[in-house]
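Going in written order, the chains are labelled A, B and C, and every chain counts its residues from 1.
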């Protein structure tokens, strides 16, 4: 491979990383907003948040990307630059999966904790901020780690729209060299390395957060069987025993 | 007998002559460690065939470990275990399988297979391991279920039975393999008090009517007194005293034994 | 915003073709992932590290890299190595292989959730290892894993549109072709989006019901 082609790949990595960071931020915001809304005391708030998660988890990430790229401009006149269109489609979709993680972890907090908060006459928001979230967030990290790796894999989908990300650069190199094995192997390895670094980083974060609430890191087989779906998609799911 | 004297081969031979008197189980210098914790320390110990031996002692003294070693659920770190003259450890896997056929075990938590009917729980091993025909195995199973008083539960699932009933099925399952040795590991301690009697009745019957060698770990001292002809007191992985139930329960020599029995009786 | 019911009507015949192919891909892909995943899970239980290590590494690699790129790899590289298969076959295999690395984790968790007492009882009855797996461990593990496997089938459904990129005419492929021919994107893309929700949502309710019935 020539240095020009490598430059193409490096540029692809940069776009993939940007897309990953931006859509992870959008997804996190959506996950917490919608996830907390699903535990709201007003049924209408819970219902709307539920509709959001079911719609966005119900459809495919690739279809969402097509929708944002082709239907939004025509139907609403919003022509987004590709990076933002990709961010929006991925953030909204993966945020819906994240919302299930947030809801599951909030529901898994011992109800006695909530009652304790009521007994101290905290407002609902104070209970959320001071009692529920600090206990629930460390429990979310393993699931969020999985989701983040799924999101990384999902970023490859924008290459279908011609965005010059890592997966797209592989296609360009294939066309230039008329040879596939080498470049696709490299690109798969690069994705794997990014996923590995993400997993490592998240594990460190989990250890720090859990130390804060005096818990150990680790998963039981039972949690594994009931873990919320995070693969590009996925359905039902509840964290621990909260279904 | 002091704590340091090795166990005599058959301390109560005169009081209670064995069925045929030959040595069936033999532990020689057996050591078992879990991490830094030595549970059995160069243990020597033997059981003659036809005997009903009860192991008593504080928890953590290594009683259950002995049963699990015999069942090959654990492997010793050192020493040899012999059953009916054949090595169980150390031995090649094939020989272990052969020797293990002589041994049956009933567990504290029953360990019935929840995915099989009661009848299938009992027939599965005779058919696949001993090569009995399905009809033979079923006939044998029905006989055993009748003996434990559950003839009407053939087609039930284990989860539909009470704990006491499950344990009686588990006993039938172990007996269906016609073992020479039956290991009973705290078989009543997971049961509600009112269900214990039914299980003990069944075991008492087996002790009286068969010549199966029984090795029990139990906290039911009345049961121990009732069925056993030899009681071994364990402490810290060694046998510190042994004798007939009369002697052990009425007139123990060792201070630790006395202390232990006064706490549990 | 305009909505053209005429375009929807024109698209529907193509839609049914696409739906049928999507379901075929899903059925075959599921079977491959169930079978391969079980193979991986059992290989990971062998005593030999020489088996476990490569299986663990390869499946970890597949699970952590994009299906899309794996699909391209199989589609473009295999012919260079002299292996030729239709786009559909390649796609079904790729999706089945990818998801087998997820189902293996489900099986593993299911196997680990079978109480140790079951193994001990099987040893006490002297059941041979293969028999223990077949009649004691797997039947109990499978029961626990059915809902989790169901989740991955739904996940796989939503990944089937990726096969469009190697010319397989599943739902999204049909929608894109129709859109390009008629310059109408909104209707076909919305129809298939709704179709995915209409399939996936009841399916996820079914899985949740199964989970309540089978696992607890």
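Here is the rule we go by: a residue touches a chain if its C-beta (ideal position, glycine included) is under 8 Å from a C-beta of that chain, and two chains touch if they have at least 3 such contacts.
Being a predicted model, the structure only gives us computed values, none of them experimental.
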item	value
For chain B, the least number of touch steps when starting out from chain A	2
Closest chain to global C-alpha mean, per-chain Cα centroids	C
Per Cα centroids, the chain farthest from chain C	B
Computed distance of Cα centres, chain B from chain A, in Å	54
Computed distance of Cα centres, chain C from chain A, in Å	20
Centroid spacing, where centroids are CA-atom means, of chain B and chain C in whole angstrom	48
Contacts with two or more other chains, residues of chain A listed in rising order	none
In the complex, chain C residues that touch chain B	115, 117-118, 120-121, 123-128, 131, 135-136, 139-140, 143
Chain B residues within the chain C interface of the complex	71-73, 97, 100-101, 103-105, 107, 109-116, 124-125, 128-129, 170, 173-174, 177, 183
Chain A partner contacts - residues on chain C that touch it in the complex	1, 61, 64-70, 72-73, 76-77, 80-81, 99, 102, 105-106, 108-110, 112-113, 144-145, 147-148, 150-152, 154-155, 157-162, 164-165, 172, 175-176, 179, 185-186, 189-190, 192-193, 196-197, 200-201, 203-205, 207-208, 211-212, 215
Parts of chain A lying in touch with chain C, wherever the complex brings them together	54-55, 57-64, 66-67, 70-71, 74-76, 149, 152-157, 159-160, 167, 170-171, 174, 179-181, 184-185, 187-188, 191-192, 195-196, 199, 221-222, 224-226, 229, 231-237, 243
